[in-house]
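Once you scroll down, you'll see the structures, which are given as structure tokens.
In the two assemblies presented below, chain A is common to both, partnered first by chain B and then by chain C.
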Partner chain A sequence: MSPLTPEITLCPLPQTDGSCQYTCPTSRTTILTSVNGPLEVRAKDELPNDATIEVIVKPGIGVGGVRETRLSTLLQTTLKSLILTTHHPRTLIQIVAQIVQSEDHTSIPLLLSPLLNSTILSLLIAGIPLRTTGWSIHLAVLPANTPIPAAHKDTILPNEEGESAEEGAMETDEGEGREVIVRNPGRVLLSKAKSSHTLVFSKEGQMLLIESVECSEGVGGESADGQGWDIEEWLRIMRIAKGLCCGEGVEVVRDALGDRKIF
Partner chain B sequence: MTGTAFDSIPTDTNKYVYQMASPAPMSLEPHGHIPKPPLTFSTSLFRHISPTLFLQRHLLQNPPTRPNGRQPHQYRDFTLTTNSLSHAHGSAVVRTGDTAVVCGVRGEILELAPGDDPSRFETYHHSSTSAVHSYGSRGSGGASWGELITINVELSTGCSKKYPLGPPGTLAQALSDQLRELAVVSKLVNLSSLGIYNPEERHDPTVKPRGYWCLYIDVLCISLDGNLLDAAWYAIVAALVSAKLPKASWSQAEERIFCDGSSHHPILLRRSLPFVTTFAVVPICESTGMDAIRCSGNISTCIVLNDPDSYEEEEAIETLAVLSTVVCEDSDVDQINAPSMRTRVEKIEKTGGWNLEESQIIHCTHLAAAKTRDYDRVLLREGLDAVQI
Partner chain C sequence: MPKEPEISLTEKTFVLEALKQNLRVDGRDLQSFRDIQLTFGDDYGFVDVRLGKTRVLARISAEVTKPRPDRQFEGMFTITTEMGPMASPVFEIGRPTELDHTLSRLLEKSIRRSTALDVESLCIVTGKRVWSLRADVHFLSHDGNLTDTACIAVITALAHFRLPVVTVSGEDITIHSVTERVPVPLSLLHWPICVTFSFFGEDEGGDMVCAIDATAQEEALRMGDMTVTVNKNGEVCQISKSGGVAVEAEVLMRCARLAAGKVKVVDKLIAEALREDEVRRNKGNLDWLKEGKSENER
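Then we have the complex of A and B:
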């Protein structure tokens, strides 16, 4: 088993139609999701041709605020395109996601990817008809010469030339600056990153969600001029993420569901 | 022309009449029967009966034209007025089509207690050190503790039928958070320029500030016809550019902060201003008739609409927002159209749907760059006008 394989527990909540607990292997973000549906829908939310999808994100500490509303909006719009809503018109599909553990309970980059993966697995368990399955991946771009702790060495992605991560690191020592792309960074690595990219792809390689932000630290103002990335750089990252989602992501879902014969 | 009512393609929205069914030729009618006039209805009724098809029929024309008469890549003209509110330190009114927003910037003084660590105020993306800290960061309005800029959006002003009076709904909350994220991602304001110092020890760079200007940015939507994000962010940038805070300084004798209205405390902003551009992606189904509504599961193509209005937003399956700047290699502002410019993307957000292709994203960044240039130009002109007055 690869050290990057997430820890997945299916059906931890036996009373729900589908549930899943997901732990990110490196950042240890833990999410517990449950799916119920199709249920009876409140009259004001009823849609004549579609199922209503409700997503509730509950914070790990405190009461839900603006950030949780934003996260649930992001999840809802992504899942709405994934679920075949026309199969259960005038019903409610309710998804509740509880943040169990996180290094930063307010950080969208840290939370979004585990939230999505956990929800998609719960939907599969609940037997909600889906158009396809998706998988989410979180990548961070670190500036060259960033010291990466030995425990996280295997999260470094090899660059296109096919050299291993080790060789890439050697090259940066020689002064040739090269950005490093890591998977599932934790809070400490993310704070050093230049940009963070959460991407969701369906298993056919269609882009479902993009949440790419520049995230370097700084005082702002003129020192921030020229930050960001050219679109070609972004496309390169996007293709890496696509490869991972369509390859490894599908494998993880298949292994997790195993003998459940959903696939 | 045979087929169902919806095969007709509108050419002129004012006088076109849709036929419900194609009338049988007159000669075939039995004798003595006066043929019924064909059931017709106006374009506006067609839009109400089948909004999805109405939009698709428009976009299937050659060249594709939106129901509002714009080309897919065309954005609405916008007007900008700055400093029209007297009680705010900076303000801007932005109007694009039927979307109008007012933004006010108000500075308030935050005094530092002796034990406070000012470094956390002066960095964007400052990561909190513990869970206890992030619990404390849940202030009102979703603002994290330790952030000097607070943005709030108000939609319950009767701007649209969809958002009734009452507590802020999902959209208003999500939008507030999105705008706050834009401010953090773009690092628009130089946070250390908000510091308030003792003027006698200002020359010493090691001296810590005695207080800070906190900026409260409130966006009120007066009228909503789609694409609030672009308009709100533009209003925020314009309000910050025009904001004039009174000069604040620490008085050692009185041991408190004093304001002097005769001179200004500068808010240092970025030189290359970032702007956000939103696109709506509308599915296009080549098959005709009512099937077009049902075939949403296997859409072949999609069309990208720049600056969608609320009707297009409702029909869109995907939205793409790009935050970008145009960086001039040459720092001279007069050469804004010089070819030495580079587009830098700082944020891409795409939600819903699955049809957008790589080539379309690249195309969108080019469109965003064009709009950014236009935004910059209008802001510059408005700024020059203000100086002349």
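Then we have the complex of A and C:
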């Protein structure tokens, strides 16, 4: 098992239809999700031709607020395009995600990608009909010359020109380097980043979610200081994310499900 | 919304008859707990408690706030419990059940009101700055006996938590990070632990059938329940019995005595788990940790 493979436990909660505990290998974010459904739906939420998808995100500390509502909306809209809602009209598919552990309980980028991956796995286990499966990845762009601790060296993604990660990092030492892209960064690395991007791709390579944020910590969000990103850079990130989600992501799902033969 | 599936008459008769003959569906005897498993996380003050299929998480967090004007020497401590559909589809978000209310009330009485945590030790600058501690209890899986599990979880998490060191110079305070100074444990005066008894009516001999650590099935069939909170010294912190079948004083005494015995075992188990975790965290080197202790050996 490579150090970049997430730790996945399927069905940790026997009382639910499907559940999954997911630990991100690098940021150590742990999420527990459960899926119940199809259930009886409240009359006011009932849809005549579709199943209602309800997503509840429960924070590790305190009671749910704006951040949790934001996360659950992002999850709900992404899952709506994955779940075949017309198969169970006038029912409820209830998803509960509990944030178990995180380096920073207040950071949406750190939480979003594990939440999405864990939810998708629990939906598969619960036997909810899905159009396809998806996988999510969180990428951060670090400015050139950022010192990266040796423990996180393997999260650096190689540049597209084919040079290896090591070479790329070396070049930055000489001062003429370019930005470094890392995957699933932890709190420390993310705090140094220029921008953070969470992307979701379906197995077939269709883009399901983009959540890009500029991280200009302490400079009041001014873009003139070289923060943010341009379209070239963003396209590069998209290509990298697509490659990871459709390659590695599909492999991880397949390995986790093992001989359950769900897909 | 979904209701708990009703237990069939055959199943009900079977379980109750078995209990009257001192037998339980899962093979335990009436006076024993299910296996208690404690797992700790990467950070301090986080514990995952499993009691059979019941699973509860507790997390302690601390922040610095202003004290209440009428209690200037005391820090704050709150326990939040919220049941969601994750534990069982019966629980709804934002619509607390009766169990929700009794449980948070019980934890309040058992842990906060029995002054398990010395809130005065949370004071940093009198009237200006105090630590505000919160315990978040998350119910993940409901298979009976949520009260005892939640109590064990909160107590273990409190004992596991470490408060960052603070240095005070005049009005200014500096909070040292975990890497800078060894954080100190909280000053817990005692460990109150709840034991819930379920009553199933009288058997042929006229004795009350009572069992501890009931599963969800047994909870649905019981005629009454009582929670006794005791610490390892055998001091009763609270007894709560709200409604249900009437119980003789003699039975109550017997239950309290049994609870005191059970609590000693649970207490030992928690202490052992904490110690194992401490060893794992420090890879055998415990000397430097001893310096960080604020409480005396009692």
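As a working rule, the second predicted complex is superposed on the first by the 256 of 263 C-alpha atoms of A that agree within 3 Å, B and C clash if a C-alpha of one lies under 4 Å from a C-alpha of the other, contacts with A are read in each partner's own complex, and residues count from 1 in each chain.
Heads up, the rule we're going with is that a residue touches a chain if its C-beta (ideal position, glycine included) is under 8 Å from a C-beta of that chain, and two chains touch if they have at least 3 such contacts.
For clarity, every value in this text was computed on a predicted model and none was experimentally measured.
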{"item": "Partner chain in contact with A:Val100 - chain B first, chain C second, else both or neither", "value": "second"}
{"item": "Which of chain B and chain C A:Ile61 touches, first, second, both or neither", "value": "both"}
{"item": "Most chain A residues touched (candidates chain B, chain C)", "value": "B"}
{"item": "First (chain B), second (chain C), both or neither touched by A:Leu32", "value": "second"}
{"item": "Partner chain in contact with A:Ala151 - chain B first, chain C second, else both or neither", "value": "neither"}
{"item": "Touching partner for A:Pro14 - first (chain B), second (chain C), both, neither", "value": "second"}
{"item": "Residues of chain A at both interfaces, chain B in one complex, chain C in the other", "value": "60-63"}
{"item": "Contacting residues of chain C [partner chain A, same complex]", "value": "1-2, 41-43, 46, 48, 53, 55, 57, 59, 61, 80, 82, 84-89, 93, 134, 136, 138, 140-143"}
{"item": "Residues of chain A touching chain B in the complex", "value": "60-63, 65-67, 69-70, 72-74, 77-78, 80-81, 84, 86, 104-108, 131, 187-188, 190-191, 202, 206-231, 234-235, 238"}
{"item": "Complex interface listing, chain B residues touching chain A", "value": "122-128, 131, 134-135, 137-138, 141-142, 144, 170, 173-174, 176-178, 181, 185-193, 268-272, 297, 317-318, 320, 324-325, 327, 342-356, 358, 361-362, 365"}
{"item": "Chain C partner contacts - residues on chain A that touch it in the complex", "value": "12-16, 28, 30, 32, 34, 36, 39-40, 42, 56, 58, 60-63, 94, 96, 98, 100-101"}
